[in-house]
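Letters A, B, C, D, E, F, G and H mark the chains in the order given here, with residues in each chain numbered from 1 onward.
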Amino acid sequence: MTEKIIRLMQGNEACVEGAIAAGMRFYAGYPITPSTEIAELSAAKLPRIGGKFIQMEDEIASISAIIGASLTGYKAMTATSGPGFSLKQEGIGYAAISETPCVIVNVQRGGPSTGLPTFPAQGDIMQARWGTHGDHSIIALYPSTVREIYDTTIKAFNLAEKYRTPVILLMDEVIAHMREKIEIPNIDEVEIYNRKKPKSSPSEYLPFHVREGDIVPEMVNFGEGYRFHVTGLVHSETGFPTNDHKIAENLITRLINKIQDNVEDIVEYEEYRLEDAEKVIIAYGATARSVKSAIDSLREEGCKIGMFRPITIWPVAQKQIEEMARKVKKVSVIEMNMGQYFLEIDRIAGKYTTVNQYGRVHGELITPEEIISFIKEG
Amino acid sequence: MTEKIIRLMQGNEACVEGAIAAGMRFYAGYPITPSTEIAELSAAKLPRIGGKFIQMEDEIASISAIIGASLTGYKAMTATSGPGFSLKQEGIGYAAISETPCVIVNVQRGGPSTGLPTFPAQGDIMQARWGTHGDHSIIALYPSTVREIYDTTIKAFNLAEKYRTPVILLMDEVIAHMREKIEIPNIDEVEIYNRKKPKSSPSEYLPFHVREGDIVPEMVNFGEGYRFHVTGLVHSETGFPTNDHKIAENLITRLINKIQDNVEDIVEYEEYRLEDAEKVIIAYGATARSVKSAIDSLREEGCKIGMFRPITIWPVAQKQIEEMARKVKKVSVIEMNMGQYFLEIDRIAGKYTTVNQYGRVHGELITPEEIISFIKEG
Amino acid sequence: MGTLQTLYVVEEWCKGCGICVTFCPKKVLEIKDDKVAIKDLKACIQCGQCELRCPDYAIYLGGQ
Amino acid sequence: MGTLQTLYVVEEWCKGCGICVTFCPKKVLEIKDDKVAIKDLKACIQCGQCELRCPDYAIYLGGQ
Amino acid sequence: MLRQELRLSGSGGQGLILAGIILAEAALYDGKNVVQSQSYGPEARGGASKSEVIISQAPINYPKVNKCDILLSLTQKACDKYISSLKSGGILILDSSVTKLPDRDDIKIYSIPILKTASNGLKKSMVANIVALGSIYELTKIVNRVSLERAVLNRVPRGTEELNKKALKKGFELIKNYRSKPYGEVC
Amino acid sequence: MLRQELRLSGSGGQGLILAGIILAEAALYDGKNVVQSQSYGPEARGGASKSEVIISQAPINYPKVNKCDILLSLTQKACDKYISSLKSGGILILDSSVTKLPDRDDIKIYSIPILKTASNGLKKSMVANIVALGSIYELTKIVNRVSLERAVLNRVPRGTEELNKKALKKGFELIKNYRSKPYGEVC
Amino acid sequence: MPSQLVDKYYRTESLPHIWCPGCGNGIVTRAIVKAIDNLGLNQDDVCIVSGIGCSSRASGYLDFNTIHTTHGRALAFATGIKFANPKLHVIVITGDGDCVAIGGNHLIHTARRNIDITTIVFNNNIYGMTGGQYSPTTPTGDRGTTAPYGNIDANFDLCNLAKAAGATYVSRATVFGANMIIKQVENGIKNKGFSFIETITICPTYYGRKNKKGDSVDMITDLKEIAVNKVSYEKLSEEQRKGKIIVGELYKGKRPEYVEEYNRMVESF
Amino acid sequence: MPSQLVDKYYRTESLPHIWCPGCGNGIVTRAIVKAIDNLGLNQDDVCIVSGIGCSSRASGYLDFNTIHTTHGRALAFATGIKFANPKLHVIVITGDGDCVAIGGNHLIHTARRNIDITTIVFNNNIYGMTGGQYSPTTPTGDRGTTAPYGNIDANFDLCNLAKAAGATYVSRATVFGANMIIKQVENGIKNKGFSFIETITICPTYYGRKNKKGDSVDMITDLKEIAVNKVSYEKLSEEQRKGKIIVGELYKGKRPEYVEEYNRMVESF
């Protein structure tokens, strides 16, 4: 066992390091604050490790290129921020329906539109779920420390491959730009999910057929002798377009259920001082750090409070939140937006307890002091 | 009073007629099924009535062009479907933060991605609310008959002007492509909201200042002697960008509150046989037509059932739905998707009653028979 | 035998556009009931003009 | 008097890039404490080279 | 006649969408409620095409045709595809080029030379849709004749009014003549 | 010393972000928890720039500096902007070019010629940030000297190691010499 | 039974295709396949990338690695594919709308990078799939459903544009001269860099009908009159040039290819 | 007190601007204003449209009808504005990234339509606002933060591209030759159609620093060496041409202008 590497690392850098550890060898992107370092570091690192970096003409081209690259067998990633994330929505839908694994990083900044380009926000939570047209499934993860960025990026790639789906990695300007201590795990301690080789021969290969016991269709890469067709149209197991209503419904429900049926495998969350909590705060990303500080202070004053921090934002940890809601007096959702995840929590927890919300959109991380007074007042 | 005109009209045509009645004189678009007739009819009609039609190179250019035109004083519209709607998201956010009135029609088709281009769906309900990045307000309307398309298009323009906001007009392939009887109202019976002339002189004009008693800032048109600045960055009342956190928060909350504080003025809905209903179906657009048929049949069998049909999809008619939910045993949301509006209804009504959902994504209008058996079973 | 066996028609694919008929320099082909028909197979010189431009792959020269 | 009054500097706007100094054909200008300074006003021939290229509108010829 | 549902089927380019619109408009002139819709998009390219009309005294909610009362099929493909959607007791109007008749004895079948009438008799195959309308009218009286004629003239291209009037009349006649034959022969 | 918060402020291009990183890295070598962040984007262009470091024995949750323990300001603008964020009892290190001293008597102020030392004494104004680090160290001993030196060498461009070592030393000296003066003169 | 060529390279189970009777798309598609056959490329090493439109449906009929992407983005997907797996011969099939309306930006940038992709534009002067709206190549004055009074836009000279953007092989042919398409596609694939082949095809259903161009036979035979080679074109008077199209290989250049440059950079470490 | 020119046409309360010391953006912006002044246009009749980038911040400083749009879309917004209100002189200020990276499609289509818009590209060979990534105009081999080993992309010849797309006035000048910019903007505005003016400007902060080009003074004086007019350029040998930029009015064409064509169509009813 080699010595653990401890470093001071920026969030965006940890994302690139995690991606590379996960096997990312293709990056296509277009720069935008505050995600740009991800492109810059990928440009510096990938050519040196047998990977490919390309700066495309815009965000739409970038997501298109990573989907193309993924189909040839690469683990591929792009990173952007609000305006670019909006532009990538059509491509995200294409990745969803064509079941092409890829990772899209969105380092959120103040919106809407150009908004507050250099200041943090958590305003794209709902967009990550609902930004593209039509019904589809999505996975979105949201780390809150630099080390967790590293781990979560790896997880993003693993889930992308396992569920053949685009995975959104959400960050915010605070965690993306701050540097903190990170202990880089040994590569052999890290679990990496790689695309399985197909069991079928080219002649029997049905590119969108799910084998008994599998979650998703076997994925073959372009150029490996299996000549199959990929389309964004509704398609049958053969990969060819169809208007057949039954097949259409089967496809769309399968796309959604492959995620919904495996929520327990996908959801990850942290419970902080929840044991005896009567009040619970739900928060994620940088905001969750402020919440932790606030909870520590409140606990000192005798307040029985804890935090539920979703790391998997989508799919939502419905079961866990429900269970928790049944036990507590109040749930508060604290986020750097005007109440987005709140809606989902209110839906789930609101049936069992009171749910309220504290949100700011002023371009600054919510402080522990604010949280403390919000909790005390309400 | 002139004679009422009764015609057989297609949904898409009624949209164009309504838009013209509302004062739409600028259309920019890019064709896409099933919205294309809106562009085609605009191309035929606008040049003949002093209006402007331009086919742009894509959907992004189209929404950009209508925002530009709106700033010169035109009532402007673009129409699209799923993939194009995804591409317009960045522009919608720009219209929201710059408070530029405009109407974006989305004739929904089966998604995600290219999906089922010629078949109906209602899969962009959440996207209409959350498709662009950052916190913002939106108004989305959804008619369900050809006559209502006409009226609702007018309403869309009126609300766009009154609240200085992009308004999304949602349709589905069923209502967009069917023809039915429409009685066109006399133009003098139609209420049209026109942009008010500013009270300020050019030197005192503050383009983003809301006068006491007004809902939105006075809007002046480019070229009228008021030389002001428009930006997608967070800006102060002067229109110039700022990073000031207080101003940022004021702006974003004002954008949201101008809609939220006026929900009662904006929401429109139909209540169908609700008087003594113990069960309520919530449905919109074409699906609501099937629901009506189903309710009529169910009522004949003695089932006390009715429908709440939101015409204003966003903002949601929270108060009305809450009130209704308190009174009934069950609320069923029926929509051509895998459960989108359901989430919002579940959130609101789920605190008071049971809420369930019936959705199809097979590219066909849900039939009354399906609805009847869903209601009977569940 | 040569010519006789080398001109094939895939009837289900033919959409009757008539392009082959026009390009055939020897008037071998005609449209009958909205489909291509071989009128005069003997005249065929196997120039391949029909196959080259049939948008539906419904006519071709086989063998060699 | 003419020349004397016609060369103006807006000190708060000057970012001290030195472009004006370089382009002045008469060495009228210099950089002092990170700002432009008029070293030899008498030499100025009002050619306008400085104003034309000052990226910050910090130097210009007035009057006429 | 609370709600009558018609399905006009054939292949793309036979003008069936226009036929549906004309029929719907005629019903509208009669003061009825009406909904017309059609199959759309690339489907209509080459393949089977359909146009649907619902005519009703009462307001029409559900706007789609599921089981229809009257089915017109101008091609074998269309007939095969849609025959099962015809209600028991319904009327099937077939172009006589459709040779494989459906195996149903709960419907009335009329096999008439619509396409031939249009292309031979009128030297313009593009009026087959209007011929078909004439036949539908004559058979069902689903709309008023004056309304139908008005709707035809309102919707056909300028300059083709006379031709279309003639086509309509030919359509009437196809049924008038047909009537004289015993049903037995067809079923 | 559970949690120490530093804010390094000045104008864009003065290398304060790097200074923050070096300081954070040094603390990390000491086995401490540490978070470094900075102001970002066009703000940093021309205008005031800041870099923040939090050093703590315990894990750091809230990662931002609100009220700081130590404030470095290399320009008047930065001093004016951030002075109110310095805790009562905190330490203010000013470049001596900052002439308008803040009107606070609850803090300790050190006015030292950082920029001049860097540009005159070392003929390289780009090492002002390292000079500043030296002074901060000498004044606060917030990190170990060995760690600081290691961090400096790790982060400065190859080839400038010697220069930067010298700069660091100059920074130490500025404070050592400064100490001999009575505080009175400064406040 | 289909022909050997069709049998080998088409997914015959998906035929007949959805294109209208007399549509030129089938002719161009066959020409591409014939060129691939002439070059003897291994089917497993060919990747066909298309966008959205009638023409872009071609990918589904062909038995290679095939992908039908989103509208306008075929070249961006293709760039990802080629850059990731340079072993693949990447061929893009796209319409005039797909390639230069919504997709114009990707065209110019792919050309600029001179990445080894062969693009064949099926230019039918109209948006076929959506039912006949005018496109950036609809000649000025012609009609489309969104240009009921005649199109007032100028139309692009696609070859000129591709050349100015950096393509290193630029050519044009028509479905009348189908053999010319075959030759050009062969040369385009052989060119190590970005190749742009504009094929003038016919859409009798929309462009033809809207503009009274007759049926497919009329339209294809018209192309004979319209298409002239560069040498002949230059001899024509201004007046005579009206309505003519220059066909042939219009430009061949030599510039470093993108993936090779990348590899060169990597090798330099 | 600022100069008369600045006082009249700038929103002086927003000065000093955010641009770095020695950034060329201020020089180009002044040249545009000077051209407007020379033409005597009424401020109320001028509309400045910009995208996103350092250069695109210019709109906020200028006292006209001004709009700072989204990244890459300035020309599409401008098209809406001009078509809606043809009375306005619409001038687009855009960066090389804004105009030809993300915005390339709108450029070629606006040029194709020949709508009466004057576009001035502030070409600093880099993405300035985001901190120095290479752009489609970064010369091959030069460095940016995303091209740490040197850019392998070929760079566009913007003027060539604009011309091929259909612009009817195409010119280039540098901030060294600021008077030339003024003249070209005047002529661009006077041209009834789409005018494209490429101004070569300097970004000492990123492009300069990354590529060891010295400070702003070095960079601006370098431009003197690099820029040659067409006539001189043609006299140079292949070797001598390396690294040179042709400046001057490169193309003037005459084609119907879009809005006029629209009006003509309307009048024909």
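We adopt the following convention: a contact is a pair of C-beta atoms (placed from the backbone, for glycine too) under 8 Å apart; a residue touches a chain by one contact, two chains touch by 3 or more.
This structure is a prediction, so every number in the text was calculated from the model and none was measured.
Trainee: What are the mutual neighbours of chain E and chain G in this structure?
Mentor: B
Trainee: Identify the chain pair with more contacting C-beta pairs: B-H or B-G.
Mentor: Top pair by contacting C-beta pairs is B-H.
Trainee: Give, as an integer number of Å, the spacing between the C-alpha centres of chain E and chain B.
Mentor: Chain centres of chain B and chain E, defined by C-alpha means, are spaced 37 Å apart.
Trainee: Using CA atom averages as chain centres, what separation in Å is found between chain B and chain D?
Mentor: Here the centre of chain D sits 58 Å away from the centre of chain B.
Trainee: Could you state the distance in Å from the CA-based centre of chain E to that of chain H?
Mentor: 62
Trainee: Which positions in chain D are in touch with at least two other chains?
Mentor: 15
Trainee: Residues of chain G that touch two or more other chains: which are they?
Mentor: If we look for residues of chain G contacting two or more partner chains, we find 16, 19-21, 52, 68, 70, 101-102, 104-105, 109, 129, 136, 149, 153, 262, 265, 269.
Trainee: I need the residues of chain A touching at least two other chains; which ones are they?
Mentor: 33, 47, 57-58, 60, 83, 90, 94, 113-114, 117-118, 231-233, 243, 364
Trainee: Chain A touches which residues of chain B in the complex?
Mentor: 60, 82-83, 85-87, 89-90, 93-94, 96-98, 108, 110-119, 121, 123-124, 126-127, 129-136, 231-234, 243, 245-246, 248-249, 252-253, 256, 337-338, 340, 343-344, 346-347, 350-351, 360-364
Trainee: Please give the residue numbers of chain B that touch chain E in the complex, ascending.
Mentor: 6-8, 33-34, 117-118, 173-175, 177-181, 286, 289-290, 292-293, 296, 364-365, 367-369
Trainee: In the complex, go through chain B and note every residue touching chain G.
Mentor: Against chain G, chain B makes touches at 30-33, 36, 39-40, 43-44, 47, 53, 55, 57-59, 83, 113-114.
Trainee: How about chain E: which of its residues touch chain B in the complex?
Mentor: Going through chain E, the ones touching chain B are 21, 24-25, 28, 33-43, 60-64, 66.
Trainee: Quick one: which bits of chain H touch chain A in the complex? Just the residue numbers, please.
Mentor: That would be residues 52, 68, 70-72, 101-102, 104, 127, 129-131, 133-134, 136, 145-149, 153 of chain H.
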